[in-house]
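Below, chain A partners chain B and then partners chain C, in two separate complexes.
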Partner chain A sequence: MRLITHNMLSCNIKGVTNGFPLKIEAEKVVEKEVDFNPDFLRHMFAKIEWKALVEAARSMGYAELPEDSPDATVIESADETFLRKLHHALLELHLEEGALVCPETGRKFPVNKGIPNMLLHEDEVKQTVCIDLRKGNEPTRIRSPKDRVLMQDVCIDLSLQVP
Partner chain B sequence: MGLKGPLHGLIILYNPTFFFFCTLSCFIPPSPSPSPPCSVKSTLLEVSQDYPKRRFTKSSILYAFNLQWTVMSEMTSRTADVMRVSSHCEVYEPCDDSFALVDALLADQTNLINHDPKVCMEIGCGSGYVITSLILLLKEKLPNVHYLATDTNQIAARVTNETLQAHGVSAEVVCTDIASCLEERLAGLVDVMVVNPPYVPTPEYEVGMEGIASAWAGGENGRSVIDRVLPVVDRLLSEKGWFYLVTLTSNYPSEICLGMRKRGYASRIVVQRSTEEENLIILKFWRDKDEESVDKETSSESFVKQFSRSLSSFMEKQWR
Partner chain C sequence: MKATLAPSSLISLPRHKVSSLRSPSLLLQSQRPSSGLMTTTTASRGSVAVTAAATSSVEALREGIAEFYNETSGLWEEIWGDHMHHGFYDPDSSVQLSDSGHREAQIRMIEESLRFAGVTEEEKKIKRVVDVGCGIGGSSRYIASKFGAECIGITLSPVQAKRANDLAAAQSLSHKVSFQVADALEQPFEDGIFDLVWSMESGEHMPDKAKFVKELVRVAAPGGRIIIVTWCHRNLSPGEEALQPWEQNLLDRICKTFYLPAWCSTSDYVDLLQSLSLQDIKCADWSENVAPFWPAVIRTALTWKGLVSLLRSGMKSIKGALTMPLMIEGYKKGVIKFGIITCQKPL
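Up next is the complex of A and B:
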């Protein structure tokens, strides 16, 4: 997993309001060379959450990014020293093994072979259930009998009319 | 991808680059390919029985074969190679639906390159065949695109990684339900979204079960997962975003298009294909604001389409 992806990941456990950024616990970091493309970096820069990137790069052992977000002139300038650093941090550092930790709950998401496993347990999922009264159907989002016990935020759409 | 005789000529016809070759190869009946898949075998036999009547010399058949071979070898290098796709018993292997989706991307290749996407994403990547093909399609002209792939099956995520590595390309694979952990931060950033959802109509309880069932179980009308994916895609797509979706006729695709229309999307069918078991329809969606410009882009393509259609009907008549 590259840091550009890390910058897009957040924890969405039920009830968590601020699941971003996930803290990185690095066990194995790999560097893979990627072609340098300033246009792509300029395009992505606007979408990057700077503080999260600096923190993430630091936990991966790369501390050369400036603490404060550089302004637009640095990004647009012909001098590529900054862009090269950004390029390395965003695209060339890979987290192979380790974990991502939710800042609010401390829940750990393992990263194996470069793939973060962000799957939630059943009791962590936000449930929105719609019961169709017309057909007398089962709630549409029930997956297993166990879910029925776990449902807490049940919402019934009362606009549906029983014939 | 299997050799599909006259069919594969038609597929390439959508792509203007091959236009010249195909018109040539289409006028000459296709020669039997080295290992045709069973379903194509019978048509090939019929065709080869026609050879004497049509008075084709041996050399012209050989020429056609060579032409087809060059077109095909170029084609296989542009999409993922099935032989190099990694597999696992709990992961859906590339099948007709995956091939149809890749053919749709191939048909739209020139438009995709002009579209100049920065971020491409596949939801439900399975074996990784589709995302790898997409990367190979764009790699030459657009070397710096960020690719993301998600799957709810952990083994599928791993298999996708292996497939990507076998083809010497890379994408970011995340194991998550649809795109739940990316929805917040990736919103409005994806320029091309590709989804081959679990679309098979099944009992509702089969939906979202672990392992390979998650690759096909689609609940009532096969729509349970599709209906959950659509709002997520709407959120993730950028202003100029394009969205390719695999559906069956039994999923009521017109209803899907109508639903997306309400969200402000225009749509069209890119590929329609009937296999032994299912009627596949590959839909493409884009935000309505750009409808004019997209129409312009696709007008040349629709001409090629119409031409290929008339050509194929003409060929059919000739062979009879």
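Up next is the complex of A and C:
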């Protein structure tokens, strides 16, 4: 898993409001060379969550990135020193074995052979329900559009997420 | 669809066999001990209530899908390549295509889907893409190359994720695409980060269509586009509450072998998107444009290479292959539709 991917992953366990960024427990980090592509980096730069990237890179043993996100002039300039550091951190460091850790719950998502497994367990999953007025306001799970149609006259709030 | 040479499934639903999963509409009562909810069941108009056993059958379904693709992806790739979806053909094309003709049709399916959604005119805006149910990453790699965008794919199958990453590395696309094991019903992403949300023939596997669509919408960025291409059953007529028994029976037989938990119609997807206030919702029936596909898959299964691979692959694949004619029957009788539904998330 590269840090460009890590920068997008978050913990989706029900009830978690601060699931990003995931902390990295690195057991095996591998460096793999990738062709330098400054245009791609410039194109993507605006979308990167900078602090998350800096901290993640540090967990992987790379501390060369500046704390603060540089402004556009640095990115657009012909001097590619910064871009090369960004390139290395974002694309060339691989987490082969380890875990991604939810900052709020501490739950670990394993990373094996470079692939994170983000599957949630049954008890970590949110339910979409409506409140069934016929049943003393019991939450009733909505699974399909037909459920919604069937329930709409007897339910309120068709978009609740409950534990 | 990760339609392998033999898009098979477990022969029966594992352990917690729940007949209601075949019903197009079902009510599920939540049974979470921690919140102390009741467990009585309710039946209404054609729907069948299920017990808490169904919630763990969802995990069993997930495991089963993963196992299935772990075992059969290699077989599909060997014969059909890295796109695990239907080709798009001109209607009534009677010309028998070569292998490369079918591969081109699979690429055309991607292009036609993008065009239908109105994406091609907005190329510069696409920076991040998610491929929900990515298979071995054919669509992801194609779209990432096309837009110079970052694409992340999710699949339940670790074997597929590994293969997808390996193929990306081999094509020097590792900086643009990556693949993880994750659940489309619980996408591991923050809200609103993807300019394009792509689901190419994975919707059929989702046991909870409402939740599936909600997740697609959640991760789409404001102004982002969502593209769903999926197998559906025909739209119900006004006043019609369910498919005819013979139609349901046909789908049930396909579900059994192809490991599909439930079918809904194209207009069901449209309803869901409308209820979530998406805009520019469009849909189309592309059944005529995919008609040559299943006959072609059967033909490749009957070649020497195909038969040997099938025999090596085992009973699941063989039984699946024997069920493929049911797909053709379903299309011919107008029960099964190949649908595309696209929309845009408001700014």
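In this text, the second predicted complex is superposed on the first by the 128 of 163 C-alpha atoms of A that agree within 3 Å, B and C clash if a C-alpha of one lies under 4 Å from a C-alpha of the other, contacts with A are read in each partner's own complex, and residues count from 1 in each chain.
Keep in mind that, in the parts below, a contact is a pair of C-beta atoms (placed from the backbone, for glycine too) under 8 Å apart; a residue touches a chain by one contact, two chains touch by 3 or more.
These figures come from a predicted structure and were not determined experimentally.
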Looking at A:122, would you say it contacts chain B, chain C, both, or neither? Reply first, second, both or neither.
second
Of the partners chain B and chain C, which touch A:69 in the superposed model: first, second, both, neither?
neither
Looking at the overlay, what does A:2 touch: chain B (first), chain C (second), both, or neither?
both
Of chain B and chain C, the chain that contacts the larger number of chain A residues:
C
Contacts on chain A seen with chain B and repeated with chain C across the two complexes:
1-2, 4-5, 8-12, 19-20, 32, 35, 37, 39-40, 43-44, 47, 113-120, 125, 138, 140, 142-144
Which stretch or stretches of chain B touch chain A in the complex?
118, 143-144, 146, 148, 152, 154, 157-158, 161, 170, 172-177, 180-186, 189, 204-205, 207-209, 219, 224
Considering only the defined contacts, which chain A positions touch chain C in the complex?
1-2, 4-5, 8-12, 19-20, 32, 34-35, 37, 39-40, 43-44, 46-47, 91, 109, 112-120, 122, 124-129, 135, 138-151, 158, 162-163
List the residues on chain A that touch chain B in their complex, please.
1-2, 4-5, 7-12, 19-20, 32, 35, 37, 39-40, 43-44, 47, 49, 113-120, 125, 138, 140, 142-144
Which residues, counting only chain C, touch chain A once they are in their complex?
24-30, 32, 34-35, 37-38, 40, 42, 44-45, 47, 55-56, 58-59, 62, 127-128, 148, 150, 152, 154, 156, 158, 161-162, 165, 172, 174-176, 178-183, 185-190, 193, 207-211, 214, 262, 264, 268-269, 271-272, 275
